[in-house]
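In what follows, structures are represented as structure tokens.
One chain, chain A, appears in both complexes that follow, with chain B as partner in the first and chain C in the second.
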Partner chain A sequence: MKLPIDGLKIYNSLALIFLRNDLCAHIREAFHRLARQRINVNMLTLTATGGRWVGAGCISLCDLDRARAVLPESVRQSDIIYPVGMLTVFPHKSRTRLFFQLISAFYERRLALYATASATSTLSFIMDGHRLEQAAQLVQTIAELPSHHTPFTSRLHVRQL
Partner chain B sequence: METIAVYWEPQIKTYGIQVRTRLRLISLHLQTGAIPGHQLDFPAEAVRKDHRLMLVTGHIQADGCFHISMLFTGAGAAPVKDLLIPCQLEPANFNITAPVELIFFQGPHYADRYGIADAALYALESKQIDLLAAACSGSAIYLVLPEGKAQHARSALNDIFVVPLK
Partner chain C sequence: MTDKQLILVVDDDPDLVESISMKLESQNYRVDKAYDGVEAFAHIQNEKPDLVILDVMMPRKNGYQLCDELKKSGNYSDIVIVLLTAVADAVASTNYTHLDGKSTLADDYIPKPIDLDNLMQIVHDHLE
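Then we have the complex of A and B:
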């Protein structure tokens, strides 16, 4: 039996920046520089141990050149991957079960998963941009969307001045 | 279709800052490519034993493993370690930190605005509050802190983020 969900959205044209065991102060400075450049971090996951942080942050692909110019030297070229996309699921219930079923299914189908984060009513997954549609189809084999669901991809893109 | 937007306010507004205490932070290191089925029994078992998932966040690491951090409630419920035993996870592949605390908040259009994560991390750094984990997704910010730090962090965040008075 499929798990009911309230919705599914996909966002394309993103870049993912990995933070590899860097000093907290360096990463803090990087976020400050991104903010000064008015670059939005769409999704962020961080784990801190012993004064160092590892994690990943997502930005819009159109901001990548400006971001590269201000990121610390510790962020290497190989720490940035693009294009990636974000698949966001809105679980109705059984959030924990759905999360593990989805990552298991992604691995079985060899859909690379780079980062993930939950929020109050969402589970978001960062994946290869060109495989988002395939991932969305896979989600529908596990989860039941409402009949009146809107299109997965938003036609509206908000860009800040 | 593209919409150009400008968000500006003298102090960043939030809908309110919430704190949860007596939580358990579980870190799992999963081999990518194949997740053994018995490892996936863990979340179902945790929920059955009345542990509620507050937050899940993760990323792939340089060694190719997928690192997942999960934050569970469950004070008074079965120890999380007991739940991990049937999952046959090697001790090196998981870590439990408890008790920990969570502070989380949401705000208008955070998902589309720059500077929100920077402001939150600055607030903690300015008061020298260590962070165990963090996740920003959509309009929500989650900060996982060592025991006894959440109220201190709330005070620091209140210097940066404001709840508008009715």
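Then we have the complex of A and C:
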């Protein structure tokens, strides 16, 4: 039986930036620089492993040149992955079953995930842009959208004033 | 049937919809959810809400369009509409204002980022 969900959103043309440092403050400062440039960050995660911090932020591809100009020099070319896309499934309602089924399905299809995040309502998966449609179809083998609903592709680009 | 008042929350950000919904439910309101203007109108036709919390920038049908459609209709003009807007500084007055060069007949507005307590107070004031 499929798990009921309310929606499935697809965001195209994104870039994923990884920031790595021993000090969290350096990562925070890097994201502050993006904020000062009024660059919208669609998704942000922060991970601490073995005393090392890794921040991951997703921005619109059209903001990448502006972002590069203000990011620390320590950010290497390999720390920026593009073009990527984001698939957002909602609501998760704290159902770990939904999360594990999706992760398993992506793994079985060898669909690489660069980052995942959960928020109040959403589960977000960052992956190669050209595999978003395939991923959306895969989600619908596990989760069921309301009748007359289809995956929704966001065409809005948020530009801060 | 229930005596609880029904509020429709419309925003294309599911996390924001969920946050507002949880707060409203804690205040003893019934909540319906939609994620764009087209879906919202279908929900309204299915069950008329007492109040709609409506984002402005949404795909398919934006908040201005839906607000105008409801306020100019015979059946839905009495629904209270609270607009969520990131350009609240441009609003000079409510009830008939010019936002970003567009007219809206919304009953009230609240700026983004949202102060949930402020939003609850606005909802309560309109529905009491």
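Following the convention adopted for this analysis, the second predicted complex is superposed on the first by the 143 of 161 C-alpha atoms of A that agree within 3 Å, B and C clash if a C-alpha of one lies under 4 Å from a C-alpha of the other, contacts with A are read in each partner's own complex, and residues count from 1 in each chain.
Everything below uses one rule, namely that a residue touches a chain if its C-beta (ideal position, glycine included) is under 8 Å from a C-beta of that chain, and two chains touch if they have at least 3 such contacts.
Just so we're clear, the structure is a prediction, and the values are computed from it rather than from any experiment.
**Q** Who does A:L44 touch here: chain B (first), chain C (second), both, or neither?
**A** Touch partner of A:L44: chain B, not chain C.
**Q** Could you let me know whether more residues of chain A are touched by chain B or by chain C?
**A** So, of the two partners, B touches more residues of chain A.
**Q** Of the partners chain B and chain C, which touch A:T120 in the superposed model: first, second, both, neither?
**A** Touch partners of A:T120: chain B and chain C.
**Q** Once the shared chain is lined up, is A:R28 touching chain B (first), chain C (second), both, or neither of them?
**A** first
**Q** Could you tell me if A:F100 is touching chain B, chain C, both of them or neither one (first, second, both, neither)?
**A** first
**Q** Is A:P91 touching anything from chain B or chain C once the two structures are fitted on A? First, second, both or neither.
**A** Only chain C is touched by A:P91; chain B is not.
**Q** For chain A, which residues lie in the overlap of the chain B contacts and the chain C contacts?
**A** Residues common to the chain A contacts of chain C and of chain B are 88, 119-120, 122, 155-156, 161, listed in rising order.
**Q** Where on chain B is chain A touching in the complex?
**A** 1-7, 27, 32-35, 40, 42-44, 46-47, 53, 55-62, 66-69, 106, 111-119, 121-122, 125, 130-140, 142
**Q** Going by the contact rule at the top, pick out the chain C residues touching chain A in the complex.
**A** My answer: residues 12, 14-15, 17-19, 22, 33, 35-36, 57, 59, 86-87.
**Q** Can you list the chain A residues touching chain C in their complex?
**A** Checking each residue of chain A against chain C gives 6-7, 9, 88, 90-91, 119-122, 152, 154-156, 161.
**Q** Under the touch definition given earlier, write down the residues of chain A that touch chain B in their complex.
**A** The touching residues are 18, 20, 24, 28, 31-32, 34-35, 37-48, 54-57, 88, 95-97, 99-101, 103-104, 107, 110, 112-120, 122-124, 155-161.
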